[in-house]
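Labels run A, B and C following the written order; every chain starts at residue 1.
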Amino acid sequence: MREPILKTKNMLVSLKKMNFNMYRKDFLLTWNKSTEDIKAILTLSEILRGLYRDNVNLRVFQTGLGISLFRDMSTRTRMAYASACNLLGLGTFDMDESKTQITHGETVRETSNMISFLSEVIGIRDDMFVGRGHNFMKEVAESLDEGFEKGVLGHRPAVINLQCDFDHPTQTLTDLQHLNHYFGSLENLRGKKIAMSWAYSPSYGKPLSVPQGVIALMSRFGAEVCLAHPEGYGLMPDIIDKTGEFAKGSGGSFTVTDDMKEAFKDADVIYPKSWAPFEVMEQRTRLVNKEDEKGLDELEKECLARNAEHKDWVCDEDMLSLTKDKSAIYLHCLPADVQGVSCEHGEVTEGVFEKYRIQTYRQARHKPFIIAAMILMCCFRDPVSLIDDKFRGNKHRTG
Amino acid sequence: MREPILKTKNMLVSLKKMNFNMYRKDFLLTWNKSTEDIKAILTLSEILRGLYRDNVNLRVFQTGLGISLFRDMSTRTRMAYASACNLLGLGTFDMDESKTQITHGETVRETSNMISFLSEVIGIRDDMFVGRGHNFMKEVAESLDEGFEKGVLGHRPAVINLQCDFDHPTQTLTDLQHLNHYFGSLENLRGKKIAMSWAYSPSYGKPLSVPQGVIALMSRFGAEVCLAHPEGYGLMPDIIDKTGEFAKGSGGSFTVTDDMKEAFKDADVIYPKSWAPFEVMEQRTRLVNKEDEKGLDELEKECLARNAEHKDWVCDEDMLSLTKDKSAIYLHCLPADVQGVSCEHGEVTEGVFEKYRIQTYRQARHKPFIIAAMILMCCFRDPVSLIDDKFRGNKHRTG
Amino acid sequence: MREPILKTKNMLVSLKKMNFNMYRKDFLLTWNKSTEDIKAILTLSEILRGLYRDNVNLRVFQTGLGISLFRDMSTRTRMAYASACNLLGLGTFDMDESKTQITHGETVRETSNMISFLSEVIGIRDDMFVGRGHNFMKEVAESLDEGFEKGVLGHRPAVINLQCDFDHPTQTLTDLQHLNHYFGSLENLRGKKIAMSWAYSPSYGKPLSVPQGVIALMSRFGAEVCLAHPEGYGLMPDIIDKTGEFAKGSGGSFTVTDDMKEAFKDADVIYPKSWAPFEVMEQRTRLVNKEDEKGLDELEKECLARNAEHKDWVCDEDMLSLTKDKSAIYLHCLPADVQGVSCEHGEVTEGVFEKYRIQTYRQARHKPFIIAAMILMCCFRDPVSLIDDKFRGNKHRTG
């Protein structure tokens, strides 16, 4: 299972030559990072995974804290973030808002400073309401800038987006790493058809950040990205535009269809996943702002009824048989709504999911290393030499 | 208070000669471990406690996580587990099921993998329902096996039972270590009468794992184990059988009585503690599975009423005076239901408890080191050399 | 922003000459510490902050736990405590009383021992009820003494007061450090007028510990301390007496007035903050002890109505213009009730608060280092040589 040391060495050599620029910046949206930045994160993540498996001690912080602030449930990302911090030597501190007073409004700038005196990184999940999550992260980031400039903070912690209303970069880079492995290189993504498709789920209000993040990221590597969803389940127009531009720039293509079959036809990669329509999410935010409980209940009912009209949007054997050689690679950020297992009707049938189950676990295993790579890139001027030293130092992590 | 260094050295020498075999295994039930394994855990635990008191740095993990998953309240074991992980250099991550989605059923195998990418050990308490806890731990363990075999996980974390429906090994090994100290050696347990007795408590549904674990463990060292409980408060038949076999094999004895006095008569060790009848626990699980709230309420009332018929099952001065030289050693896993302190009628009177209070604290102090010994045994091929190196290395934990 | 290394060296030299005595003691109340102890904490805190900014690795514990036990909400102190523990190498373990059984009464002594086997420090916040917090901390401390004396514990963890009903030493030492910076030295506090004033807040039941701690501490350095509050909002008489004695002993003065303007007139330092009257807090404790919910509701209403009579006790531009050169330094422990921001009427107007906002953040940044200094002083016989070694050792915290 262990990659040979030579491969790790070679990756270090290529990383040294890359022209990335993430030091003292936050990691909020992949589309604000250069393609070279993206490639550097993937390469560093693989180096870290290789060294970890070779029992190299990767502790670069002797002390320091990684703060996590989750405004929504999370198993995978919470755990991956804690693992990444721990791998590099950071303790984690979970800001539980029920025990504290951090809120939207005046005190964001105050609390941002109060939690940062000895912190190196702040990971935030705020994905529930369209128009909020990314804005909240920006407000935290600006408050930290002010605190650093005015001498409150001795250094400026990095903010990392663990899922907002726009994007979910730690997930989509994990997905991209998985494809990188599967196809052998990022270069091999060129010309591959990637179907990001809506699928039915009995739940409501799932964020748009995964499909948005997936199309905006995959379109930068020459792939034929196809987005499929029933009418009325559109994503944010700005991100659709951005994806079109990325596809054009990378020599790939970007199409949108309201036919799942069309998307799956000859696809190399399929990513069937439920989300709520953008317009519904906007209406929801307006109702939340007005604290209109009754309106919210009605919206939920309406939305679930509307979803139920599209129960045929399921990734079953028939759908799968349309894909390239009937065996496209299936991606999911997990947990999937598996028909007959966790729900009566869902995103994917039990048979199809079981076929790919272990692959989805292998997909997920990259996330801690992706996050660790982000932290290194954001916090250190020369992360490559730092890791090279760890490699040469020959210090073991255990024993 | 500090044990002399020579004693620690000698224990290392004897540990080297022992024929234990716990590497890459889980620690779920004491009766699936060899007696040599049990002795090795006790010896290593004492070595760790000695070195800790001599301020030796016992960090064997530079990074890594110990996951804890508690499905029931816990102060002592939670703290002991966190302390053991910290002693060896692991960060701890508490899986709070209210913040995550780990549940019985399909996703156990998924979540088991998701929490394990950079984890070394997973400690689980699941003791509430007969027929569930041990099965859950096995399901986690099998999921980890699959993940490791199929390349999802780079290594296989160890699963440690922090109390299930069958056994509570970190507690009973703590109890055994206390007796080891008290009598001077495990060999001296031979022929000692150990009374594991039911006692009255105003609460209902206490797990069977402590009495079961105690009789199954103590019977392996030549002791005369006597189990006492009112009619209808029986333990699991399989474990009763196992205890009989262990007693036979070790040259001790095992008897069951429905008379507390008979059990206490001439006892060297007394362990009066409440538990729920096995049959009631089984019925409870059936009602829980049916989500029969009304049935559960009735069962609780019935069971409390039945308990109340046995308020005379209390460890008071009269009971104590029956024991060997009127001064058997009193054991309890804490917290005890102390009559006149935490309840009107309870397991033990205030006077008797106060006499042994500090001894029960001294009993409890072994638990962090027992757990640390388990982690070392499960995670390292050669834990003895590892600790010997720490000893010789002369590195201080503090300063 | 970084203080020159020379300054840190000089502080180490002066600290070596100081005659402090905190080893193996708890830090519960500033007035039970000598003035030399107070000065030593401030000096060590500055040394730690300087070394931290110079990226010196301050890890003095290779393993070990810092326990925190919060019986009230906290962002700042919780975070500062976790940061201080982390800075010195301790993992933190948050005792969540909803997951455990620690309570007032019998089991305090038991639980105190159970959480201490591998712990170095126990930080407690218990500030809600007059007559409880300090007593609880003393009970924990005495239980640890017993456990240590009787061989339950191999060492005696230090107890640190993170706010009780009497005092809030980590906050007031933070405040004092801020003034130390602002005026250039503690000596320069001599003759400065410090106005600790009640101010209106729409909430009820705020602890007395900050105003009590502030007057009792500031009066030890020759300042002219003036306490202002409406009639009936008095502090604890014992602490008022103590403050008078300290003022006399230090060559300063202590006055009490019921006129906010009088307090602010020519003040060098203003600290406008709400609190509940001592008598009300006493009545509240009596009602809580009787579990008189109705009585508590009535008391709250009464108290809020009484507060509302004093809405003119607000720190606005007019008040500020009374102070020395119209520009006294404004202190607050945060979060402040800012009029027009977090409430309609509050302790301070938006304009005045905004003027000092960044200064209040700079005030707060001292707290993690104050707590770290306390831990070092309580846990190590010779903390000065220890830190001097870290300084000379030239080991980096990151990289």
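The definition used in the following text is that contacts are C-beta pairs under 8 Å (C-beta built on N, C-alpha and C of every residue); 3 or more make two chains touch, one makes a residue touch a chain.
It should be emphasised that the depicted structure is a prediction, and the values quoted were computed from it without experimental measurement.
Interface subunit A/subunit B: under half of the residue numbers present appear on both copies, so the contact uses mostly different residues.
Seen as a C-alpha superposition, subunit A sits on subunit C after a turn of 120°, to the nearest 5. Inter-chain centre distance (subunit A to subunit B, centres taken as mean C-alpha positions): 41 Å. In subunit A, 91 are the positions where the chain touches two or more neighbouring chains simultaneously.
Within the complex, the subunit A residues that touch subunit B are 1-2, 52-53, 57-59, 70, 73-76, 78-80, 82-83, 86-89, 91-92, 334-335, 338, 341-342, 357-358, 361-362, 364-365, 367-368, 395-399.
Those residues of subunit C whose C-beta lies close enough to touch subunit B in the complex are 60-65, 91, 93, 95, 99-102, 106-107, 110-111, 113-115, 117-120, 146-147, 150-154, 379-380, 386.
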